[in-house]
Amino acid sequence: MSTTLIPNNTLITDTPEEGRALAIKIARLVIKTTQPDEAVRIQLRDVYANDAMMLIQIGHVVALEFATIAAANNYWRKA
Amino acid sequence: MSTTLIPNNTLITDTPEEGRALAIKIARLVIKTTQPDEAVRIQLRDVYANDAMMLIQIGHVVALEFATIAAANNYWRKA
Amino acid sequence: MSTTLIPNNTLITDTPEEGRALAIKIARLVIKTTQPDEAVRIQLRDVYANDAMMLIQIGHVVALEFATIAAANNYWRKA
Amino acid sequence: MSTTLIPNNTLITDTPEEGRALAIKIARLVIKTTQPDEAVRIQLRDVYANDAMMLIQIGHVVALEFATIAAANNYWRKA
Amino acid sequence: MSTTLIPNNTLITDTPEEGRALAIKIARLVIKTTQPDEAVRIQLRDVYANDAMMLIQIGHVVALEFATIAAANNYWRKA
Amino acid sequence: MSTTLIPNNTLITDTPEEGRALAIKIARLVIKTTQPDEAVRIQLRDVYANDAMMLIQIGHVVALEFATIAAANNYWRKA
């Protein structure tokens, strides 16, 4: 079974909060595709969750994914 | 209780100053979601607040989040 | 035989899921062009797939490629 | 007294030169907010001002902030 | 003789494939301008072509150059 | 005498080649502003010009500056 890269196959969300959650999810799904072994991923999670620089870089990737999702949703301006 | 990722669930702010503060907040909330243990986060804060490269990288992430928020607000051009 | 950099020579895809897969593919094809020796690439894959920081950085590159592909497809808004 | 994040609370400047200066200023103000202790900041400045990689990364952050400010000003096209 | 930074002095290409090739070329020409000594560049190529993190970062730069070229070409939507 | 951050105080150039040269120039001027001591800069230049990762990162910053300049010039589409 292949990994789904974009849940529900859409970038459109009802709210910024849901858009942000989607940004985090799709960032994680790229990692999952690149390292499909769950045991390895769990071990690495313990590494990055305790490393200041890695946490900052995770924030960086989420910011980028969110920029795309926010643009897709016209920044939820009317919401 | 789940962490709120976007305070007030909107990217719209009255001013650039508030938009910048929001950029810093949402960057921090991603870290909080990734490392929910407050004790660990406090310890890591002491690391990055005293490390020149990490401070620069934090500035990098805030710049990205702010780019999205500024676009959402049409750069507050009429403000 | 030269490496193809953009499969099917288009950025247009039917869905976000296919766009995301394309982002991953074109990111990999740049690596392939820069390091054409498959044996070396396989060895390096073993390195980055087990390194938390490198996995995050791969996620970063995919996010960027995806931003371009998503814009090309007008974010699949009508899909 | 809280740190001001955006001087004059606007991204609009008369010229590209002023926009660039603003980019440098707002990048620094994020650092100041994250590390409010001036003595520490002065010590870290001595570190990054003599480190080639950190200087490059500072240039990176300024480039990003400037991209936002330039867009806000429609690239000063009529100036 | 000065290095040409943008081959043919245009960002417009017929296809995405050619746009991608241009992205790789202009990224390399900046390196060439910064380090004009070919012997040094050949030596460094041996370094980065065998280093997973550097290959990822090269992919990062190409992604950014390509984003600009793709926008310049309106994403080759009618092609 | 203060450093000029944007030569000629404009982002508009006649050609992509000139826009690229401007991107390199404004990236360097940020470094100059951050490290005004020319002797230190010359020493650091020797460091980054011989370091593969730093050269890649310089390419990264130039790519970002160029993205802004290219947008300012509407990608020189009619040129």
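So that you can tell them apart, the chains are marked A, B, C, D, E and F in the order they are listed, and the count of residues begins at 1 in each.
By our rule, a contact is a pair of C-beta atoms (placed from the backbone, for glycine too) under 8 Å apart; a residue touches a chain by one contact, two chains touch by 3 or more.
Nothing here was measured: the structure is a model prediction, and the numbers come from that model.
Graph distance from subunit B to subunit F, where chains that touch are one step apart, equals 2. With angles rounded to a multiple of 5, the C-alpha fit of subunit B against subunit D returns 60 degrees of rotation.
Residue numbering at the subunit A/subunit C interface overlaps only partly, since under half of the positions present are found in both copies.
Inter-chain spacing, taken between the CA centroids of subunit C and subunit D, is 32 Å. As a whole-number value, the distance joining the C-alpha centres of subunit C and subunit F reads 28 Å. With centres defined as mean CA coordinates, subunit E is found 16 Å away from subunit C. Residues of subunit D in contact with at least two other chains: 48, 51, 53, 57-58, 60, 64, 67, 71. Taken as a graph of touching chains, this assembly forms a single closed ring in which every chain touches exactly two others.
Each chain touches its two ring neighbours, and walking from subunit A in the direction of subunit B yields A, B, D, F, E, C. The residues of subunit F lying in touch with subunit D in their complex are 4-6, 9-12, 26-27, 30-31, 33-35, 40, 44-45, 47-48, 51, 53-54, 57-58, 60-61, 64-65, 67-68, 71-72. Per the touch definition, subunit D reaches subunit F in the complex via residues 15-17, 19-21, 24, 48-53, 55-60, 62-64, 66-67, 70-71, 75-77, 79.
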